[in-house]
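Okay, handing you the structure first.
Naming follows writing order (A, B, C and D), and every chain is counted from residue 1.
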């Protein structure tokens, strides 16, 4: 039926959605993505690359807001292409900030930050890049590929290279820095790089981030619907960037991004630098009890996974387990009991695991330890 | 990632969707709606009331096409409001046929008919009405509430009254004909009436249809996403109108609509006139075997439900059953074996059921019979 | 591994089972059967017909106890055949009370009553019958088919006719009283009759119960595993008898049975006399809120189903509904909101439904009413 | 209802079970365990350790047969305790072969081998051991702990040490050889060792098997119900031993066991010697297509998992992937596409993975390679 006003309509519909979508089937934790904070930082769930009808996307900005609320995100940015406007015949609006403004209005009664951003869309080099935390998208309409980055920086933006592994611009999918990218990095015009975009993860992009001190980014780059593109009803999720922020503001997120404090989350993978990745993993898995089984020296340690990511662990402690090999998996939101054979009863115990779904460099995984007192 | 062309993008995405959505969880038959043809008619699955960004909807027309393809529909109409244009600041396009044209282009490689239509949006009376199979939406922009119907008829349109039970226009939700509606009907300017709209079904609207020989309509009136509004991942579905058409063309659908040959489908209810409802029910449930259990006079009759609607049946035959009471339910796409106690072995048997989920008038349900030869 | 003691083993295993079985998939309420008490009576969930290895069953009595605990039953009886002992070569134990005693020991730390019983196994007439609440099964080994009932009554047993519709003894499946049954009833030697046994329900048996003032019984008659026979992992359940008892003791159950206070539960059907069926239905469905939707005279009434049985209702009130036809189904453990069009705002409202899944006679269903104050 | 004969009853019930259990929910492949054969050997699915009411189990042998048929096993052995007979008061049968004989009769129309066996039940040392492929269980009732092994060998039995990690006999759960075990091994009286029993896996037991050339065994040791103990409705499974046999006979299985040709399967782990483990893994995962994505050098390789075990793989090839890190998981019965970045188009490609769920020694996993031609 025809609704009395768009605003009322949105609120009612969001309420309906929440009910409909609250308990997706194959995901124990529901659809909303969950990660714990870490000592010193709020872990902010951000998706800073997506599109609406205001460039080549298929939805009005209110759908992007609704999706983000259902996904439990803290911040999104609608990064419309500046140069690529396939809907221009129908949406000729000269103000490139419209998408942002409509989303901002839609989100105003919700805990969701809308970050002003836009995509700089070029052939290689420099390919596609995003500038977020800009002040005015209209001023970004500059044809010179370097000058547009300078404008982004004049607006105090955070910039990152999109999908450097994109086969349409790199048929071998092997991300490599061009001289132009090197220059942009050198001149501090380029801050980050997507290691994850849509359905792609790139070891090469991760290596570039590590070698050049770029911020590690993961984004959905969604054009149609998050639910369809990422199979949400079956337990799938969009890629996001976890930003380690000193507070819960947009400014805090930007400061975190500028200082490289991120972990990308993609299909049960957590990709980041050890200094952020290790504390995140440590907070993600919590020992909830550790007690000896009666008349034995077998210590039952219950571990709870507080996150939306399954964990795949390889035992690196000196102990063997009673019902697991060295491979232990803990489903998203699940609990697992590991039966540790300590031979003698001991007062405290340390478990160490190589975390195979955490990536600190190509083919490299951090080893993380958890200590706990035991109940004799 | 940024796609090379909108057309290519759409096709790729549709392919991805099909894979993602092929086996929704709580619906045995998958998401695509299924109903059999009946003798003499193709049963065409139509949703003739919905919105896109070109009026107060939240998606580009390509999403409506994608949803319809996933739902297995035969025809849709994007019935944008002519008078209510909340996105006008951004989409000022003067041509009210744009939505139709964009959908037509998107659907061109698929078996999906796009019907040109528009919504006539007024206070009561006459409230909201749709005109579909029009020739030019622009010419429908007429302020006089009767004259616009005359224009629709000049364009050979099929017209119907939308959500007569809408509480925003009727706070008691009791659909009743106004003098203006009576006049429109009398002058053959109004052909049908929505008995189902979005989440609502109205006994009063059904009675109006029967009393005034109007076409019985069921529509989604979707503004946001079909998946969210109707809980598709949990097995829900949008309301549709089944049109009994002499062929599979748009002209055939229109001829069927004009001649009142419809059944509305809504949450496992089938609502229509007996002459179309009864053949549909008869074809929907098929006896797939009927054989006597060894050494007994108990006849095991297996019935298969070929449709996307569960059936709720009340036994009206002279027999009792071995493992059912008089209440028999057959899930969508499911099979049930009814163990009929015939006392003597007989060569053929007739089952009769009051079909409680089929509605031929308020609180009234057809009784339908199935005969079959038995295997002694 | 070999367990230290059978008792310990059982307790540990029950604990494991509880965890494993707590949230069966297709059953919102879990596997444990749930029905509310009614004014004046405890509603006791009883299965008084089943077998173990001590006659022709396939499990030791401890499995029957474990199954009953998982199913949330209040009482069971292991009714071994006295005459049919296919395992006699291996289990020659002369004491026919063994099965009872082993179950009693197994259940001693649980809230589960074990009722001493046995099956009297004859050709027709009188076919198979059960005597429960007996004092000594050994004394029931009497060859005369009438005398054995007299012995049962000397032991103050409750007796009932098993599966009168059984095709092995009645190839047409039509339960009818034989002269011997009439005599047994007349002499007060036969108290009840199975209207439901295993996978069968019989309208004819129900009519016999009503015509002859017999207790209406429903039993599993399980021989192998409850989980397999009744498809428990897919949401199936065993048939049971709900006994309306003045207390929660075995004596209370017996008194209830002797006084015909029962309802049989079988595949979402509740079968009984109106005086017990109607209060049970009334307590089963609770109105949890009733408030008018803003600016309308549509009253949203939320109804919660407190039971393990789905309900299928047919509207018999004077109102029509906004989103339902006259057919309303409420899933087991689910909630449904019915949108009642009261035309004017009223302070209290009465809903009346014919309860199609409740059976008070063949093809007959009680009409039950619920009243509630409204929130204007 | 009472069945006419036990044999008929069993057949009917098995048929019913098959229908009920055919599509367990959380297991894509259904309940029946599946592993491919390998070049030169039939891979026979065997569970050679379990109990019935004839020792301390809770079911009649026919249930063990039914469970094995549903689990798709090739062979089982009912290894009743000889010395521990808690049901002796009720089942005093002096013939210790009864359990075997009853299972044999039950299985006679099915493809299921019943292996005669018995458990030798002692304190440590030598703890519990099984002798399977014996000729007469009665002759195994010998009190001397060594002499009973000699009798087993006189009967040409295959013998193995049960649950050497059992905390009731080893409170630290650390399997270690006692002098008596060393002697038994030296004198060729002990052939195998359980590395998996019920819910336990032991790295130490695996090391003992490797150091002493013992057959690696995995068994259920089920006492109650397989469905409950191993959570089958939720996708769990019993542990089994895969025996690499030259034919599909009992003699073939025995020859395979005697020659150490086994892999134990337990909760998605495959535990065995490289010479059997590696071919099994290689046959388990099949490359079903390998073609270059249009206009790229990215090779899409589709891998199908033919088994009931999920696989967890770590990339050891020289390539990186487009949408996976070095960690790849392939669900049981599932398909995964790995997008290999080969930089140049090549005619054939080799993938190498460390198979983390395959164990050839404590904390050690084989690396397995698959080659395929590509479609340019």
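Note that in this section a contact is a pair of C-beta atoms (placed from the backbone, for glycine too) under 8 Å apart; a residue touches a chain by one contact, two chains touch by 3 or more.
Note that the structure is a prediction, hence the values are computed from the model and not measured.
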item: Neighbouring chains shared between chain A and chain C, ordered by label; value: B, D
item: Chain C-chain D separation of Cα centroids, rounded to whole Å; value: 41
item: CA centroid of chain B to CA centroid of chain D, Å; value: 53
item: Per-residue overlap in chain B, given as positions that touch at least 2 other chains; value: 200
item: Graph class of chain-chain contacts, one of line, ring, star, complete, other; value: ring
item: Chains touching one another, given as label pairs in label order; value: A-B, A-D, B-C, C-D
item: Chain A-facing residues of chain D, complex; value: 165, 167, 171-174, 199-204, 267, 269, 271, 293, 295-298, 312, 314-315, 320-327, 329, 339, 341-344, 356-357, 359, 362-363
item: Chain B partner contacts - residues on chain A that touch it in the complex; value: 1-4, 6, 9, 13, 16-17, 20-21, 24-25, 53-54, 56-60, 62-63, 66, 81, 84, 86-87, 89-93, 98, 102, 119, 121, 128, 162-163, 166, 168, 197-198, 200, 221, 223-225, 227-229, 231, 233-234
